[in-house]
Amino acid sequence: MKVGFIGLGIMGSRMAANLQQAGHELVVYNRTQSKADELVQNGATRAELPAALAAQCDVVITMLSTPEAVEEVALGEDGFLEALPENALWVNCSTINPSFTIKMAEQATKRGLRYLDAPVSGSLVPAEKGELIFLVGGDAADVAQVQELFDIMGKETVHVGAHGTGAGMKMANNMMLAQAMATFAEALKLGTSLGISEEMLCKTLLNGPAAAPFLKLKQPKLLSRDFAPEFPLEWAHKDLHLASVTAYEQNIALPSLQAAKEVFAQVKAQGFGEEDLSAVYRAYLPEEEK
Amino acid sequence: MKVGFIGLGIMGSRMAANLQQAGHELVVYNRTQSKADELVQNGATRAELPAALAAQCDVVITMLSTPEAVEEVALGEDGFLEALPENALWVNCSTINPSFTIKMAEQATKRGLRYLDAPVSGSLVPAEKGELIFLVGGDAADVAQVQELFDIMGKETVHVGAHGTGAGMKMANNMMLAQAMATFAEALKLGTSLGISEEMLCKTLLNGPAAAPFLKLKQPKLLSRDFAPEFPLEWAHKDLHLASVTAYEQNIALPSLQAAKEVFAQVKAQGFGEEDLSAVYRAYLPEEEK
Amino acid sequence: MKVGFIGLGIMGSRMAANLQQAGHELVVYNRTQSKADELVQNGATRAELPAALAAQCDVVITMLSTPEAVEEVALGEDGFLEALPENALWVNCSTINPSFTIKMAEQATKRGLRYLDAPVSGSLVPAEKGELIFLVGGDAADVAQVQELFDIMGKETVHVGAHGTGAGMKMANNMMLAQAMATFAEALKLGTSLGISEEMLCKTLLNGPAAAPFLKLKQPKLLSRDFAPEFPLEWAHKDLHLASVTAYEQNIALPSLQAAKEVFAQVKAQGFGEEDLSAVYRAYLPEEEK
Amino acid sequence: MKVGFIGLGIMGSRMAANLQQAGHELVVYNRTQSKADELVQNGATRAELPAALAAQCDVVITMLSTPEAVEEVALGEDGFLEALPENALWVNCSTINPSFTIKMAEQATKRGLRYLDAPVSGSLVPAEKGELIFLVGGDAADVAQVQELFDIMGKETVHVGAHGTGAGMKMANNMMLAQAMATFAEALKLGTSLGISEEMLCKTLLNGPAAAPFLKLKQPKLLSRDFAPEFPLEWAHKDLHLASVTAYEQNIALPSLQAAKEVFAQVKAQGFGEEDLSAVYRAYLPEEEK
């Protein structure tokens, strides 16, 4: 089975490399073609256009950063969806909103194709080590077909439910991630304003019951003010925005989410969107440190 | 050394019992006198008034729920502060705001007394097992003097810094606790609105990187809608309120905290303040379940 | 000049009637056809489909409630855009977000058509009396061509600037409207919680410097709890949502807007979306009155 | 009847001068004594201490900026309350929170004195012109006794109800004022981000139904970035804070207020607290303009 892989950024490049190392034959496409070079040197076929890729594959994996990017590569000019052979399976690992992923599932279905939303939990290092967690929405039979691929790229597959539920679970997880980050930044601000050192606050709070586990990994960034990106702040902001859009679509109120979203918006507006999400701490630093 | 203990509620009664069991002679006071009965049966001396207690002790521990309660028992009519022997040590374990605890430290100091703010991390079960964590502000020599008592009631003592920093650390911890609870309630709401079951959401999210460890303990309450109090919602709301007051005093902005605070306020206003803080989920339940 | 009019709801029906009374020949289309009956009886031509309408007109006015409705009628199957004669002018009076209106302008332009975004300030009564205010984005020459129509339906035309700025001005106005409503509801809540009557609060605050003029019109609704719609709450919520989406697109933070938005979301989720926007007061009423 | 006047700041100095011009004999006290010079030159008696003032007066008016300042001057060392003759009337025009004003009323009552909370609506210019509006809480007979004084300093007296309701009405008004200011700042930000000029936004929005009347007065400040204080931002922030504290005391949720409060907090934390409340716009200005 030849596997098509579209989207070779921070995450996608590692995931594709793991598939290749496990012996899978890949056809790859990336808008910036050079990102595919290493995979091609190791035997992957380069496709010049998404449609060209589709003609050679029964399974296509996409790992892109926004709904707009997914829509263009799937349904735009030379998009892959029209070009896929009947009954092919599109595994969409991009972190996108549920209503959009459901729209993509419908587009696939009406063309006689199959679809899974399969966003991943975990960032760079788990992607590299093949230790991602796949949060999957769609038919069990389709999950079964690509379980082998999930097992290469990840350590766990959660089949959440119908189309859209994988995306929904990812969104729920990421809103918790972003809000925990903003909350911890506020706890540091409160503590330091009272004369407690950041080190003492980190030591005590991060080992306490109220700190999300991933926060420990952010301590060095917070203390050094070196916010090199692992999970870019602008993606966290995008996730909060899409969760907010989803809340509107689903007719629910999520007030706590909104407040955190605007703190991220503020830091992004100041030009720090490409830094790590922990750079949300910048909103709370004294003027001279911002 | 005779130890005075004022405030025999959920927490205080367990802490005092542990001191007693370890062989310490206690003088106890509680506004509702019957709460002292068990300790008295086991050998403690009952004081009719705070001032009467003070006359017999070199160390007084207070474990009360609000600044107002502390102020009354310390400085009100028949308060204990005026009645303490010179150089006595007041260990204030109540969860109160830093500026108030500093005011109490000043009141003690100007009477030739010593003071520690020593709020605890941990609720009913750790209090019972002597596994609390003491977050202490004050002089190292004073901490050393009562280290033995802390070791009986707790498993760890963090000497944070000067007066007020123990209270500050506790406040930072509790705002993270309350906000993590509200955030998780919103994540459940988002997920269930998309057709994902609460069980699936709990299983996946609570084992993920974004969930504060204590949230696992709340899963049964959330799923059963039985919000029997471990940490009452109205105390969580009080802590968020005092953090907000502290932010005002310290001239800092904490927008994310405020939004969570108002969700707690809403549920409390609906009459659920005495339930567990996890009852903040009520704000997100469908009308018929609220 | 024959004028096409699409969208004959609360607002559109009044606007079209005024054009007809002033002597303009109309071609009308509405999804629910019966809403066009009165206009047809008075001489308007009924079109069965948007495309059929377009073939007969040099100017088409649309007055629809959401971007989705506009997109369907313009670009969907039998949409009017493809069917318009070259150089025709589309005057879009719908309240929609700037980025969507700009997208529509581009769709028009690339077909050799012209476009104005021309949302209106004012609700039912001004629509009936021909006293609307048109907030217009687009070319001055195009505004001039339909100034006569604006003058029939309205009392003032503000040519704000380029495409999208009419929509932007409307959005800015409506976010102020909705937030003023939520703020006043909170002021009433604060006041009544302190024992001040709603009548006393209305009398004093609504004549003060801090009350938006339209709030006076809402006093009877607030006092009687009869929230018959003038401007439906769900539209106010939609406007706040689209303003929030616009903030995301424009990379700006609007924290105050978000908090108000979620109060509207909450009341809408409770099933009151079709009531007047003043029903946001329900979020603050005692349980038994909600 | 000799009138005592304590607090000769921006507002108090104008109010006292009007009383003096109308022929009332004044005894004045201000912490910074020089602020009383002009009144003394015109015939007022200077008191060295609040208590000294009290001994000469049957009516004392206080116009101070915070609860703390009121408490000190009334109940601190040499405070005026103990020194007032029996049955004297304290008219407290300071803008303070209802629970505090009620506490002051109780302190007065238990000393056989009478009390009115009588904060004013209106700032510098109305104070100068004697066109303030008095919002009064307390007994009708007490209001009647000083109606003549209110009529000199103001153009209208609203007897709201019992003790605390005058303060409550003022608080409701001021939270609307501050939130309207923040909302307008956000509307300007949204509009300018879309390419609309500030002038066009002001012209259109400030004449619309959604703009609080006082906002027109702020237009020059907003456009010139010259935020010379009429109503200092830090007082607006204080009012929002005290409203938030009142909401806590009254067990109600006011989410919209909180979000606005934190925008003011942010601008104040950046050092602009002494500027006009319209300086809240700074939170939305581009980095280089802040």
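The chains carry the letters A, B, C and D, assigned in the order they are written, with residues numbered from 1 in each.
The definition used in the following text is that a residue touches a chain if its C-beta (ideal position, glycine included) is under 8 Å from a C-beta of that chain, and two chains touch if they have at least 3 such contacts.
Computed from a prediction, not measured in an experiment: that's the story for all the values here.
Asker: Hey, which chain ends up farthest from chain D, C-alpha centres compared?
Answerer: Ranked by distance of C-alpha centres from chain D, the top chain is A.
Asker: Quick check: more C-beta contact pairs at B-C or at A-C?
Answerer: Result of the comparison of B-C and A-C: A-C.
Asker: Quick one: chain A and chain B, Cα centre-to-centre, how many Å?
Answerer: 39
Asker: Rounded to the nearest whole Å, what is the centre-to-centre distance of chain A and chain C, using the mean of the C-alpha atoms as each centre?
Answerer: Centres of chain A and chain C (C-alpha means) sit 37 Å apart.
Asker: List the centre-to-centre spacing of chain B and chain C in whole Å, with centres computed as mean CA coordinates.
Answerer: Taking the average C-alpha coordinate of chain B and of chain C, the gap between them is 51 Å.
Asker: Which residue numbers or ranges of chain A touch two or more of the other chains?
Answerer: Where chain A meets two or more other chains at a single residue, that happens at 247, 251-252, 254-255, 258-259, 262-263.
Asker: Where on chain B is chain A touching in the complex?
Answerer: Residues 98, 121, 133, 135, 158, 160-162, 164-165, 168-169, 171-177, 179-180, 182-184, 186-191, 193-197, 200-201, 204-205, 208-214, 243, 246-247, 250-252, 254-260, 262-263, 284 of chain B touch chain A in their complex.
Asker: Given the complex with chain C, which residues does chain A contribute to the contact?
Answerer: Touching chain C from chain A are residues 241, 244-245, 247-248, 251-255, 258-259, 261-263, 265-266, 268-269.
Asker: What residues of chain C sit close enough to touch chain B in their complex?
Answerer: Touching chain B: residues 255, 259, 270-271, 287 of chain C.
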